[in-house]
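Scrolling down, you'll hit the structures one after another.
Heads up, the next two complexes both have chain A, just with different partners, chain B and then chain C.
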Partner chain A sequence: MSKHKRNAIIVILVTNAILISLLEFFVFIPLPIPGIKLGLANIITLLAIVFLNFRYVINVVVIRCLVVAVLTRGVLTLAFSLTGGVLSAIVMAILYKRFRRFFSIKGISIAGALVHNTTQITVAAFVLGQIVIFYYLPILLISAVVTGYITGSIGERVIDEMEEQGVLANR
Partner chain B sequence: MDMNKKMKRGDFIMLMATGLVAVGLFLWTGSTNMFRRMARSDEAPLIAKIEKDRELIREIDLTKVTEREQIHLEDDNNVIIEVETGRIRFLNSDCRDNICINTGWLSQEGQNAVCLPARTVVSVV
Partner chain C sequence: MRWKNKGFWPIDSGYKFFIAVTLGVIPFFIDHYLSFILLSLYLFLSTYIYGARLREMMKSMVAYLIIIIVPYMFGLLMATVVSTVSGTDMSMVYGSYQDVGLRLVQLFLLWYATSLFFFSTPTEEIVGVFDRVLTPLKRLGVPVRDFLKVIMCVVNELKHLGPGVKESFTNSMTKLSEKSSWRTKIRVISNILVAFIVDSFKRLDEVEEYVNQVEAEDLFTYKVVISKSELFLFISFVALLYTFFFLETYMVV
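Up next, the complex of A and B:
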């Protein structure tokens, strides 16, 4: 893949990730558990993992987290969004590049959501100095399976469609 | 489009492991709290702790509270904590999700309410 094409893909993925995150922040999606969100930007991370090398995947995630934090909850929340975003991207990338035989895109997405939620509650435990909040972990794990499945299904369809159309191909 | 995107073996193993961990943690914390509550005598103090930024702000014995009190933390989020006989709750916080307020009254050992934006934890021990 040429450098220019690669950069174009990064820019397209980053802008879409930012837009989706902002949309999710400003448009209220009622979910049964307060504080839980779908994590739609995970779809973009999945696309990045499939179509880009590892370091560019991290670029996409980090730029998205930075911009979204500045535009919404403020840079103080970066400790949460960056750790969760980057760690889940690393795990999903490893699963996709090394263990694709054993995991579907949906499964990889669920794994990412599990890592994301577990990381966030760990950061929260550090910030609050409280172990007790791990009481919430079971709820977070179950919701990660559901949200990961939803974003994974969407991601899988997009990846299929893009491969079929030849968009982003010849990596 | 290829609709034949089946879940694979690794997916199922991961899902089962997640289910086991979630159910295990749930049963463990749930049963610990249940036994503690059963072992408790009625006269035993019910201590509520208010912690902010990892520091203990106040400790209240809920059984000794006689009249309703509102505790203003005077922070960026205007957190107000309300105490009544035997129970405590977040009454106000200017955070976005209001998870702390929606948690409602805490009146039993092992219950807690957290406001992450205000870095405030109320727990009953």
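Up next, the complex of A and C:
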């Protein structure tokens, strides 16, 4: 694959990740808990894992976090989104490439969400120097199972559709 | 998004970046309460001089509150409950409130100082400054320019597609009744997303051509401009550093 084609795919994936996050505003979460969101952008990470090499998966995640930070001027959130995003992508990629027969896309998505939330709370505890923050972890883990299942279900449908239509088949 | 800088003077973005990073680090090296007051005042004045949008900055602060303060307050509440129920002394675990208060102030000032740069600089210049700052990595062979070019391509794609997609999403979602169940909403979102993502790859050739043709120089730019205003601000900054040194060395906390 040429460098320009690879970059074009990354541009489309990252743009999609940010645009589909807009849909989250329309979903009313029954139990509004601070720090919890659906994480629809995770669908794009799943797509990248299935269709691209590991290096490009990390590129997609890092560029998404940087673009969001630059556009929203969310400097502080960058540390959290970057560590959570990269670690969860690494775990999901390992599960998909090495243990695919044990995990479905939904399972991989749930694992990613669990790692993402755990990393974020660990970074918060580290930054504040307070381990009491970990009391918040069970809430985030329960929510990760629910949100990971939802994004995994949607991701599975998108992957099936893309495979059926041969999108990115000649990657 | 058109960026309107309403600062007193146009200030060099590289200078703002340097000052923002330094001011963000300073809170971790000072102890005296007068130093904190002085730093806060300097940051507040800088907000107006740089033309940073205070209201937008405050909105961004919500993320700071959600990520750090809410989990901490919840954890503190739980620790107190556990301590009361079990009768154990948990103070060793969660330390003194003074330490936590100091850390929260330091983090707030770090966030505020760096936000000053981000909220007073156009996106093209922010990326341009990064291109300049990351020059050592470029010399080591890291494709920084390619990376930044992709970032700006995404920003431009978002500007180009964003309004249309937002309208399309809004139209699709408003067709749903407010009383629609959560499950129905998720199903509708799922259908929208599948179609949206699959369709987006139909533009692959178009995007590839754009990425191929556009030059990094067309996407982001930064030129060092040192004028009287930067010199004046730099002198005020050095005076501030000197005052910190005096307060921290000779004044008793």
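Here, the second predicted complex is superposed on the first by the 153 of 171 C-alpha atoms of A that agree within 3 Å, B and C clash if a C-alpha of one lies under 4 Å from a C-alpha of the other, contacts with A are read in each partner's own complex, and residues count from 1 in each chain.
One rule holds for everything that comes next: a contact is a pair of C-beta atoms (placed from the backbone, for glycine too) under 8 Å apart; a residue touches a chain by one contact, two chains touch by 3 or more.
Being a predicted model, the structure only gives us computed values, none of them experimental.
Asks: In the superposition on chain A, see if there is space for chain B and chain C together, and answer fit or clash.
Replies: Pair status: clash.
Asks: Based on the superposed arrangement, let me know which partner A:63 touches: chain B (first), chain C (second), both, or neither?
Replies: In the superposition, A:63 contacts chain C only.
Asks: Could you tell me if A:93 is touching chain B, chain C, both of them or neither one (first, second, both, neither)?
Replies: A:93 sits against neither chain B nor chain C.
Asks: Applying the document's definition of touching, compare chain B and chain C: which contacts more of chain A?
Replies: More residues of chain A are touched by C.
Asks: Would you sort A:41 into first (chain B), second (chain C), both or neither based on which partner it touches?
Replies: The answer is neither, since A:41 touches no partner chain.
Asks: For A:157, decide between first (touching chain B), second (touching chain C), both and neither.
Replies: Both partners.
Asks: Mind working out whether A:135 is in touch with chain B, chain C, both or neither, as first, second, both or neither?
Replies: Both chain B and chain C are touched by A:135.
Asks: For A:75, decide between first (touching chain B), second (touching chain C), both and neither.
Replies: Only chain C is touched by A:75; chain B is not.
Asks: With both complexes overlaid on chain A, does A:115 touch chain B (first), chain C (second), both or neither?
Replies: Once the two structures are laid over each other on A, A:115 reaches no partner at all.
Asks: First (chain B), second (chain C), both or neither: which does A:103 touch?
Replies: After superposition on chain A, A:103 lies in contact with chain B alone.
Asks: Looking at the overlay, what does A:10 touch: chain B (first), chain C (second), both, or neither?
Replies: Touch status of A:10: second partner only.
Asks: List the residues of chain A that touch chain B in one complex and chain C in the other.
Replies: Shared contact residues on chain A: 34-35, 73, 124, 127-130, 132-135, 157, 161.
Asks: Write out the stretch or stretches of chain C touching chain A in their complex.
Replies: 56-57, 60, 63-64, 66-68, 70-72, 74-76, 78-79, 93-95, 99-100, 103-104, 107, 110-111, 114-115, 118-119, 123, 126-127, 146-147, 149-151, 153-155, 157-158, 161-162, 165-166, 169-170, 173, 182, 185-186, 189-190, 192-194, 196-198, 200-201, 203-204, 207-208, 210-212
Asks: Across the complex, what residues on chain B touch chain A?
Replies: Its residues touching chain A are 1-2, 5-11, 14-15, 18, 21-23, 25-26, 29, 51, 54, 96-99, 102, 112, 114, 116, 119, 121, 123.
Asks: For the complex, which residues does chain A have touching chain C?
Replies: These residues of chain A touch chain C: 3-5, 7-12, 14-16, 18-20, 22-23, 26-28, 30, 34-35, 40, 43-44, 47, 59, 63, 66-67, 70-77, 80, 120-121, 124, 127-136, 139, 150, 153-154, 157-158, 161-162, 165, 167-168.
Asks: Which residues of chain A touch chain B in the complex?
Replies: Its residues touching chain B are 34-35, 73, 99, 101-107, 110-111, 114, 124, 127-130, 132-135, 137-138, 141-142, 144-145, 156-157, 160-161, 164.
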